Amino acid sequence: DITILVPSGSEGDGLRAAAADYAKMKNTKVETVQAPYANVFEQGANAGATKSGVFDIILMDDPWIPFFAENGHLEDLTSYFKGAGVEGPDNDFLSKSLAICRNPYNSGPYVCLPYVGNAQMFFYDAAKFKEAGVESPKTWDDVLKAAKTLTEQGGGRYFGYVFRGGQGNPVVADFMPIFWSHGADMFNADRTKVTIDTPEGAAAMKVFMALRDVSPKGVESYNANEVGTALAAGTAASSINWPNWVATFEDPSQSKMVGKISYSPIPAGTKPGSSEIGHWTMGIMAASKNKQEAFDFMMWATTAEQIKISAERGNPPVRTSVFTDAELTKQEQFRHYPVLMEAIQASTPRPRHPKWPEIENAFGIELSKAVAGTISPEEALKNSQAAVEQITGLK
Amino acid sequence: MLKSDKGTMPKSLRPGGGLEHWTERHLRYLMLAPTVLILLALTIFPSVYMFYAAVHRISPNPDLPWEFVGIGNFARLLTDAQFHVALRNTAVFTIAAVTLEFLLGLGLALLLDRFIRRLGFLKTMLMIPMMLPPIAVAITWKLIYEPQFGVLNEIMFLLGLPVQAWAGDVNLAMFSIIVADVWQWTPFIFLLMLAGLASLPVEPYEAAALDGASSWRQFWDLTLPFLKPVIAIALLLRVMDALRLFDLVFILTGGGPADRTKVLSLYIYQVAYRFADPGYAAAMSLFVLFVTIVLSTWFMKRMRLAE
Amino acid sequence: MASVRFDNVTKKFGEFVAVHDFNLEIRDKEFLVLLGPSGCGKTTTMRMVAGLEEATSGDIYINSDRINDVLPKYRDVAMVFQSYALYPHLSVEDNIGYPLKIRKVPPEEYKRRINEVARRVELDTMLKRLPKELSGGQRQRVALARAIVRTPRVFLMDEPLSNLDAKLRTQMRAELKHLQHELQVTTIYVTHDQIEAMTLAHRVAVMNKGVIEQLGTPREIYNDPRTLFVAGFIGSPPMNLIPGEVKDGVFASAGLRVVGAGHVSIPHAVLGVRPEDVHVARAEDPDVNLAAPIYSVELTGENTLVSLQLGGRLLTLRADKNFAGQIDQRIGVKIEPDRMFLFDAETERRVDV
Amino acid sequence: MATIRTRSRIRELLLRLSAYLAILVALILTLFPVYWIAANSFKFDIDIFAVPPEWVPRNPTLKHYDEAFVQRPFLRYALNSFLVAVGTTAISVTFGTMAGYALARFSYPWQWRKQISFWILSTRMMPPIVSIIPLYLFFNYFDMLNTKSALVIAYTAFNLPFATWMMKSYFQDLPVELEEAAIVDGDTRWGAFLHVALPLARPGLAATAIFCLIISWNEFLLSLVITLTEQSQTLPIGIAGRVTQYSTYWGEISAAGFMACVPIVIFAFIVQKHLVRGLSLGAVKG
Amino acid sequence: MASVRFDNVTKKFGEFVAVHDFNLEIRDKEFLVLLGPSGCGKTTTMRMVAGLEEATSGDIYINSDRINDVLPKYRDVAMVFQSYALYPHLSVEDNIGYPLKIRKVPPEEYKRRINEVARRVELDTMLKRLPKELSGGQRQRVALARAIVRTPRVFLMDEPLSNLDAKLRTQMRAELKHLQHELQVTTIYVTHDQIEAMTLAHRVAVMNKGVIEQLGTPREIYNDPRTLFVAGFIGSPPMNLIPGEVKDGVFASAGLRVVGAGHVSIPHAVLGVRPEDVHVARAEDPDVNLAAPIYSVELTGENTLVSLQLGGRLLTLRADKNFAGQIDQRIGVKIEPDRMFLFDAETERRVDV
């Protein structure tokens, strides 16, 4: 019998349903423990730090992987694959999806399996953008141009762009795509240097600030939800967001914009656009007492068949075969799959560092200050550079 | 005719005889014992753990030993700018929120006690905010503050006032948190004051009225002194809770914008869980505990509460 | 200067009528004592003057101002509460000084007055104590001191000396008399102590069940009771009240015959005579009104109370403290004819002879 | 007399009116957000964000109630919350009242009273964030994770000091003579506490009970760590779960939040008559 | 049966000594009255018997059992508190019935006893009221009723009648006397009413500043005071105390000369004579002890108190209520020689002649 820790959102619900199916099929009882999204991390960390073994499997957000893996909370899956007679996951999985499941990124051993395939997409109201003279936005300049026009016409009640400005994770999450699409990154390739305060960074920051100027007042406290709501309610024309919102936008009880929201990969800056990846992956807790059973369940749950069922339950897939499954893509609610697959393939993971939460926090504070205007963008970059250097010890 | 009660007379007057006698003699300990024992059992381990943790660097990896760092964690408090920001924000929040809650709660209790003695349901209605789950309260206020769709800005708009970003505005964020907290916890003070007022003696008020004291004087000279113990404990509890404010900030602002609403417990939470540094978190908690104890000791001395 | 007037004042507690259609004028500078049995409405009457109870109907005046609607603090009266009503959290000093503090009396004056009053009531050594550290009599004196520390228009004193010992009481009584004389403050005073009533009062109002039975000088009340109730209420031990019949000026009841009631006839009469107006005589004396064996002898200190059985009841007389009679010894008594009262048992009023 | 100011009907009326007005304003400010929760719980999500806001739900729906209470186990959460809250309140109020009385009335050797009182209070000053890990270890050790009893125990730890201190301060206000009378009448000290002090402290008792109930009904952090499944998870955890990474289910949260306060409001209505001034202590002199 | 004994009992409140090295035995079935000035420690003494205060040192016995450590409950005493201490949340009925409820008296018995006691104290019509709806005297009667509703081993009554009117008080006094006689319960009683003390007590203990000044029968206390304090404390108005000198049996002070003190000589003496032992005579009468103008005349009801100026002080005498003298009129007085007391001013003790 195994116990799985899941967040109490749609990802958790999906896995819960799958677990129920599995229990019916096999002779294994699968219990799911649900925690609010914001607290799954603590639950897992508590269990890991105290070796309590209350959970066998944990469904993780991908940025947590380095923390769990490098602190010995996660089981290395290599031997289990061997036991199952395979090298590793099959290559129907998207390569980016698999890359994050290895620690170190894309090179180390597998510590988890991808389950929900998320990456940011760019959402916009095509009709409005057209009105503003932009047919389909390819670059941030396009976005900015249209957004500016729309905000000016909006008279304080309609805005061309909206983003997550809340301090911490939200503002970082919405800045990173712009950051990357201007060729910047937090670290240099071999991760020996912090590279926030660079000309590329400054360029990204400039665009970000320009976008802020056309966004509604109060984005300083926005999270994904507010941003999505703004689009669904038709008070903003574009934003970066997670694909889960597609279903909401198309649900008339939740959206005024049914059929009016278009999707694209992240617009380009000076470099091609890149979205932030946000996968949910399953790993086995090191303190688990039922590791083999747990692995069996994970393998089962990530088969193409199950991933498809999961997709039908509302969670984006992680397998090419499911992304391209005609049965799905012909349905209105899955019409974004090609775009999403493209976005995942072009995605970048959040910098893989076991201290990522601390880095994200420090960076988030400076970005929040910049957005709020209490410091200049230049200062924000400089401070962030210093803060991250201090946290990582890179100088 | 009065019959003799001889039947109920004790057989012996010897002191120390019988269980009841023993019980009565030791009542002072017996009545206190359950509370003391429960609290001892429940706090000893956490306290020891906290002190122990505070002088170690604890890796989230359970296989690595704890590294003794002495006062290292405490020394960090001196240089940690984020901690200082959180400290200042917490102080601002605590002072403003508790003061407002106290004034409003006491005022309201006085008004109701004086003008509306019946209509108990009114009092209950005024208490509803604190009965709502804080998490639901935080979410509701988020909805109310929401700059685009929020009802508060709609009201501002209807009143012809400039709309604001509220929780999203650097200058208003803390204010917004305070308002929400005041909304939820004023009823707490209100409730305690109401109960305090309900058991006041009447006669001193009559005497004071004849001695020429105005209602205002009666309030200062009688009501406040009579309520002093309840006020003191209510304030203490509110301050303690304000020092651990979490839900509202977590949901409404996440500490932003620009760190303006980062409070201690949010920061401690981040350090303990997000940054996986429980040793440092314990040191900060000890610091908070220390400050709380010092403040409340001082406060109780001032209020001559211990007796 | 202040006079207090009640005009048809009624006070009800729910259905219960505590004060009934009350009419009384207390003159300026007058010392009026309210007397009456427990629960007859004395405290209630005072509380209405103070403004602590609202009259259910009728008007109350201080001088010519109707004060029904005046707030207590503007009435400028001082009251000694029957239940003391001290401020439990204030020291004796602060309790006494409270009315002064309200009036923002300057500090030296404040100190001086408190000390003076405390000396008067003999509390000067315990100014720093809290009420709960005082004995009953000390508390009562604090209550008294708090009232007399200032000069109001009216003093209301509800049994202010009831918990004091006889000696202190005599002393306080003298103080109060002096004070009232000196300050000339209209005073309403409740007491159950007959000597207090007699020696302090300008006039006494005897209340019963919320109404005034008789109003008059102490001497009138004592020597000229208008009703059976007043006659029976004043005096300790109370007046002997013997039912009987008066025929043509002669009172007769089982065993007792008294001549000297003029020429009246009352079929149902009550003869009243005070214990001190009955004198012991030898049983053999021919002009005794009654001869009977002694039923009880009680020494009260100054006197001896002797009771004789008369019909089913007792006739009490006050004899000298050296009285040496024994129980069951037969003695005779003489009643002073001009010191006896006759009442009509039906109307309960006195019949003048 | 120039000094006489009358209890003018008009002034009294004005005073009264302004007091009523103030209370009315307070009532509106207090109840509006509550109303807003209630109103939102009956709206479709899209209407929650209508601009201008829908003051009254135009298309009322029970959808969110269905979501919360039929499709999701909020009923179960509520039951857990209820059991935990009642258990905690019963224990805390019972023991806290006893301890409060002891600390208000008795003296202890070596002036312990002060120290013990303060120590009891100080246990509530412990920042919960750090006591979570030790508590987690504690309950893990006793194999009590994911049980309601663990929650009751944990909540008692911080409701007990509260109840003790509240009751202590209410008992301190009661004159001791009444208990003395009971003792001389043949009651034990314990009996005097039960028969005399307790009834007189009723307003305080009611307030304390209401508050303990509220706190344990709504507690979040400890419940989060100690409980794992719906077998023991409480309402606030259920509500927090509706704030997901991507979106917040306002309607469901409003429905659950609104329903969550109903039991406590009912309880408060039941005990509120004890909060009303009833007895004057005029029967003790001095 | 129960006797109460104090053995060297001392009670301190902090530094303040309220009761000092107290020794007293109250015999079985005895009615002992404690008399003494306000704050002398009467209530404290009682509270120690009840177990509400712990003696600082010394032992208290009921019969032969040392009760210092016995729980109040097992001492089986009933007490009327000076401050009433009624239960504000209980009706009159439940207040009175509380001791019975504790003892689990069966319901009919319970009802019956309450009704009976309520009738005795005349509260039978207000059984359903709450204390705050009662007058002061009614509250006091509830407190009394609560004590007498059961039969304890010892009654402790702290001024149980102080707030009652004279008539009711006489009646209650008789009730109490009757009750004590019938139930034979040892009783300790505090009162400031001399008549109560005189008529109820088997013995009286006069306290002063925490110690007993004199213990004796009422008659002894009144007629045979051993100290100046007792002489001055008992009696209302109090005994006249005139300082002077005794030389060979003759007392002399400014204006006053009394012969008849045997052959003693006391350089600093005080002559004590009660007002009722001074008789009015004609000023011209040759054997008057003093002739002086009248300073004041007070009617107390039964008597007239007449004061004459004597040196710097007053000599008060009790005259007939019909006394007709006017202020400033010169009268003579005669002092009964065998009714006067002589005290040594230094030791404050009586000197037998």
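In this document, chain identifiers A, B, C, D and E correspond to the written order of the chains, with residue numbering beginning at 1 in each.
To be clear about the criterion, a residue touches a chain if its C-beta (ideal position, glycine included) is under 8 Å from a C-beta of that chain, and two chains touch if they have at least 3 such contacts.
For each chain, UniProt lists the protein as follows: B = Sugar ABC transporter permease; C, E = ABC transporter ATP-binding protein; D = ABC transporter permease.
The structure displayed is predicted, hence computed values, not measured ones.
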Neighbour overlap between subunit B and subunit E returns C, D
Subunit A to subunit D, fewest steps along touching chains: 1
Check B-D against D-E and say which one is joined by more contacting C-beta pairs. B-D
Counting in whole Å, what is the centre-to-centre distance of subunit A and subunit E, each centre being its mean C-alpha position? 94
Rounded Å distance, subunit A centre to subunit B centre (Cα mean): 38
Computed distance of Cα centres, subunit E from subunit C, in Å: 20
Roughly how far is subunit B from subunit C, going centre to centre by Cα mean, in whole Å? 57
Touching two or more other chains, which residues of subunit D qualify? 49-51, 133, 137, 186, 188, 200, 240, 243, 248, 278-282, 285-286
Touching two or more other chains, which residues of subunit E qualify? 71, 73, 76, 82-83, 103, 150
For subunit B, what residues touch not just one other chain but two or more? 8, 24, 148-149, 201, 203, 226
In their shared complex, at which residues does subunit D touch subunit A? 44-46, 49-51, 63, 132-133, 136-137, 140, 145-146, 224-225, 228-230, 233, 237, 240-248
Considering only the defined contacts, which subunit C positions touch subunit B in the complex? 50-52, 71-73, 75-79, 81, 83, 85-89, 98-99, 102-103, 146
Along subunit B, where are the residues that touch subunit C in the complex? 201, 203-204, 206-214, 217, 221-222, 225-226
Hey, which residues of subunit D end up touching subunit E in the complex? 177-178, 180-188, 191, 195-196, 199-200, 278-286
Interface residues, subunit D side, partner subunit B - complex: 16, 19-20, 22-23, 26-27, 29-31, 33-34, 36-37, 40, 48-53, 95-96, 98-99, 101-103, 106-108, 113-114, 116-118, 120-131, 133-135, 137-138, 153-154, 156-157, 160-162, 164-166, 168-170, 172-174, 186, 188-190, 193, 200-201, 203-204, 206-207, 210-211, 214, 217-218, 220-221, 235-236, 239-240, 243, 248, 250, 253-254, 256-258, 260-261, 264-265, 268-269, 272-282
